[in-house]
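Look for subunit A in each of the two complexes below; its partner is subunit B in the first and subunit C in the second.
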Partner chain A sequence: MSTTKEKYKKVAYYPGCALEGTGHSYNRSTKAVGKALGLDLVEVKNWNCCGAMEVKNIDPKIQTYLSSRVMSTAANEMDMDVVMAPCNGCYHNLKKAEYDLKNDEESVEVVDRLSKKAGHKTYEAGQVETIHALDWIKDSIGEEGLKARVKNSLEGIKVANYYGCMYTRPRHIFPEKDQGPGSESTSKPHFMDDLLAAAGAENVDFPLKTACCGGAHTLSDSDMSTKLVLNILRAAKMSGAEVIATECPTCHSGLEMHQIRAEKNFGEKVDIKILYFTQLLGIALGLKQKKVGVHENVSD
Partner chain B sequence: MRTLAELETVFDTPPSDDVAAVAEDLLRASEEVLEHWIVARGDTPTQDTREGFLLLALHRQGTKGDPSFNACRETAREVAYHYNLVTMQPGHSDITNRLQLMGLVSKHLYLFIAGKLQVAGLGEFCCSSKPIRTTQDYETTTPKEA
Partner chain C sequence: MPIHEKSLIRPEDIKTHDELVLDGVDVSGHWSTFIESRVVDDYNENLQDEIAALPGGENIHRCWQCGSCTNACTVNAINEDFNPRYWIYLIRMGYQSELLRDKDIIWQCVSCNKCTYACPRDVFPEGVMKATSHWLEKKGHTPKSPSMHFDEVFTEQIVKTGKIEESRTIRRFFARTGQGLMQPWMVEMVKRMLKGLPVGLLTRMGLATLIAPKTNDWSKASAAIQEYIDEQNEKHDKALSLAELVETAKQDVAA
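On to the complex of A and B.
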């Protein structure tokens, strides 16, 4: 049986819609970091939307089906046993679908019916393991492996690690978390802190690391989103951070765009850079800023 | 219980010299925010405490049922943590910063809960739009429970 470390060296890569749009630099930097670390990403063939928030809000079982199709393709058409999703929304939805298919007969029935209608094999719970980009690097390379590969230490850079809301919530869909030493925590996540510390960064004590960024309401209630983001930016700044590291494309674009909106609409400028953790790791691994898409960020 | 509009001013009040009193105000205002949510859901706010905090008991009460505000677990705990930090070491050299951070964390709790109550109503909460889910009938949905 292969170890987790070996298993994660070649994974099915599910970028999701955001990484082909507003989160393009996350896509670019994830691929670049994977290559630099000798990790193999095989993109899921003909992947579809995970159901995101919009579909889930209208009919959660259609979201379960859409996410299951991605996992079915990886398992049944690509013979992969691990799917890596760097987007928090996709990661959350695939984990939720996995949970539903393990625990809810009605979900199993609906997914089977829609899969047959669509003409592909029905995904069965347990066929693949869904992981986040943080798990992927943390468990395949680890802090020591990363330290050995750092060419350009992040020493002197003060970072607030912002995980957002979907990486740890709700707890029950992440059975591998909160399992003691070495596992990720849902109340105080630390995988991003661990990786960036290994790359030399100084992590600040940031109290809003899993707080809501208002991403779901960025269009329907923009002022509320701006106020939530402004609060996060202020807290990061007050904690001593120069950079906020993110691992969610929705949070990332929200923090960037509402930083500008806060200045325009509320007259408050909080000058703080927002970078994907993969961009910071890429720089630490000696990759050029352009290679990890720093120029695509608004706050670069 | 103060109105939501009155509560917002508490979070925006500049810190005074009496740090313990400010921390107390922020904690009480955070509790009232959670009480608003619980009342809007048709329940009576608990007067119990958990780990010495009414705030944490209110949070626990609010996580039961649907819609819940379980997503505020860490924020509520950070408010309690900063309250302890401020009141147990009022003379700390970093006290102003600690108090301001408590204010920001408390305000986040307020924005997250009160904002949704004001703008979208109780059911339209965070990423789970319950009213839409329970009123629409799509191909996969089963007959609704009475």
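On to the complex of A and C.
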């Protein structure tokens, strides 16, 4: 299926906090790839944190409010109908807020109350569609469109595509997934595989695509995170991959950090390169490595 | 796939007799069928209601005990004592003393939501794990977990500024949990990170730690969020009868 969605060609861009910090090279490469593909990104004005993985543990409805404020700005102040978030955490939280505001009256009531007190319009379910950077490129340019633009094929590069937890779980907040041919799968996601294959890379058969990297406890239970990351790194290596492609700043920095921690604290060196999928796509589109921030990554 | 969750009989409950003959049969030594008899008289009949009153625990009553959550669990694969199905069972039974045996590991749930994905009854076991660790902390059975400290440091920063600046969050977390920031692996990572970076980016990162990014005109939102958090805390403390708990403790000390 190769129907492209015109409305994805100009979207509200929600980078989120991580992309201004440890995920800077993801931010940079996402923008560079968008530019190279002729896609228009308009950053959400004066955005706030979506609540990440932490605020819901203090109170889930605060997280719903925080995410709704971002969508409210995009819809009511910028008149946009699509919000694109490259970070799995942001993407997940906006989707979750959308689901809750559609299905849970109490969430609607709390969000309305807080929005009024904060002095902005209340976000109403359905005002915007939240998509991931993967949807954005896959559905606006498509594999054929990408193939036609590749200047520097990734041929010969063996890639393990790692999607993590927040992109697929829980299933109910992603109603557009698992809808048959052409749609994304929550058990065996393939959008990143599709895009990188179109760019010429060889995707290895990688069983831990949606395994957990322990990102939520990367500092509060570091040994657990290191063990979980080691599983992923080892499996990628055993699958014959030279590179792990990521699409989430928390997963990415988790894999990088705990690869080093495994080496320092557990004495196990796996030594695998970790790149954002947008960095790989950028290189395939003929952009310089520096332009997509490869030098900002830790693994080499 | 059937999984082995845990042994039903604990080694410390098994009776051994140096010499024992029953009906002419020698049963000396180690017999797993001879276990210490026990009487459970400390059921907490409010346990399920208390967990259900905390965010995430609302659907615990729906559980059918199929075990899909434990089977899917990321942490269970590393530590087989981490057993969401069993804890949900204990909570629904009100079997508090048994739940407390695992009190120090329940917070280790990594929120991967594999359980929620697998659950056929929409129990949201991930939420139940969070509600249970909050319950343990609120009731004073465990100190605040490192995870809870992290969540608090993180949320405080968002309530205050609207955004997160990661290095500040990390420094505050290490300070609050009394850990040194310069752990060898952290130093190694920073070293490797810095080697490829141009001066311009380093300067900007340095500035970000001094001038934390923030959302403009955030004060009204900040106040509204804080008010809601306080209101919810009060509601939860009431549902868990914390005031009475403190009163009883005071009387115990006085007596």
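Points worth noting:
Following the convention adopted for this analysis, the second predicted complex is superposed on the first by the 295 of 300 C-alpha atoms of A that agree within 3 Å, B and C clash if a C-alpha of one lies under 4 Å from a C-alpha of the other, contacts with A are read in each partner's own complex, and residues count from 1 in each chain.
Rule of thumb we're sticking to: contacts are C-beta pairs under 8 Å (C-beta built on N, C-alpha and C of every residue); 3 or more make two chains touch, one makes a residue touch a chain.
These numbers were taken from a predicted model, which means no experiment stands behind them.
Partners subunit B and subunit C clash in the overlay (superposition on subunit A). In the superposition on chain A, A:170 contacts both subunit B and subunit C. Subunit A is touched at more residues by one of its partners, and among subunit B and subunit C that partner is C.
Legend: residue contacts after superposition of the two complexes on their common chain; A:53 is shown touching both subunit B and subunit C. Of the two partner chains placed around the shared chain by superposition, subunit B and subunit C are both touched by A:216.
In the superposition on chain A, A:20 makes contact with subunit C only, not with subunit B.
Once chain A of one complex is fitted onto chain A of the other, the partner contacts of A:239 are limited to subunit B, with no touch recorded for subunit C.
Of the two partner chains placed by the overlay, subunit B and subunit C both lie in contact with A:65.
In the superposition on chain A, A:138 makes contact with neither subunit B nor subunit C.
By the document's definition of touching, of the two partners only subunit C reaches A:261; subunit B does not. Of the two partner chains, subunit B is the only one touched by A:207; subunit C is not.
The clashing stretch of subunit B relative to subunit C, chosen from 19-27, 91-99 or 109-117, is 109-117 in the chain A superposition. Residues 53, 56-62, 65, 110, 114, 165, 169-170, 211-212, 216-217, 220-221, 224, 227-228 of subunit A touch subunit B in one complex and subunit C in the other. Subunit A contributes residues 53, 56-62, 65, 106, 110, 114, 165-166, 169-170, 187-188, 207-212, 216-217, 220-221, 224, 227-228, 231-232, 234-235, 238-239 to its touches with subunit B in the complex. Chain contact summary for the complex, subunit C toward subunit A: residues 55-56, 74-75, 78, 108, 110-114, 116-117, 124, 127, 130, 134, 145-152, 154-155, 158, 162-167, 170, 173-174, 177, 184-185, 188-189, 192-193, 196-198, 201, 205, 208, 213, 215-218, 220-221, 223-225, 227-229, 232. Against subunit A, the residues of subunit B that register as touching in their complex are 70-71, 73-75, 77-78, 81-82, 97, 100-101, 104-105, 107-108, 111-112, 115-116, 119-120, 126-129, 132-133, 136, 138-142.
Residues 17-18, 20-22, 24, 46-49, 51-62, 65-66, 69, 110, 113-114, 117-119, 165, 168-171, 186, 211-212, 214-217, 219-221, 224-225, 227-228, 256-257, 260-261, 263-265, 295-298, 300 of subunit A are the ones touching subunit C in the complex.
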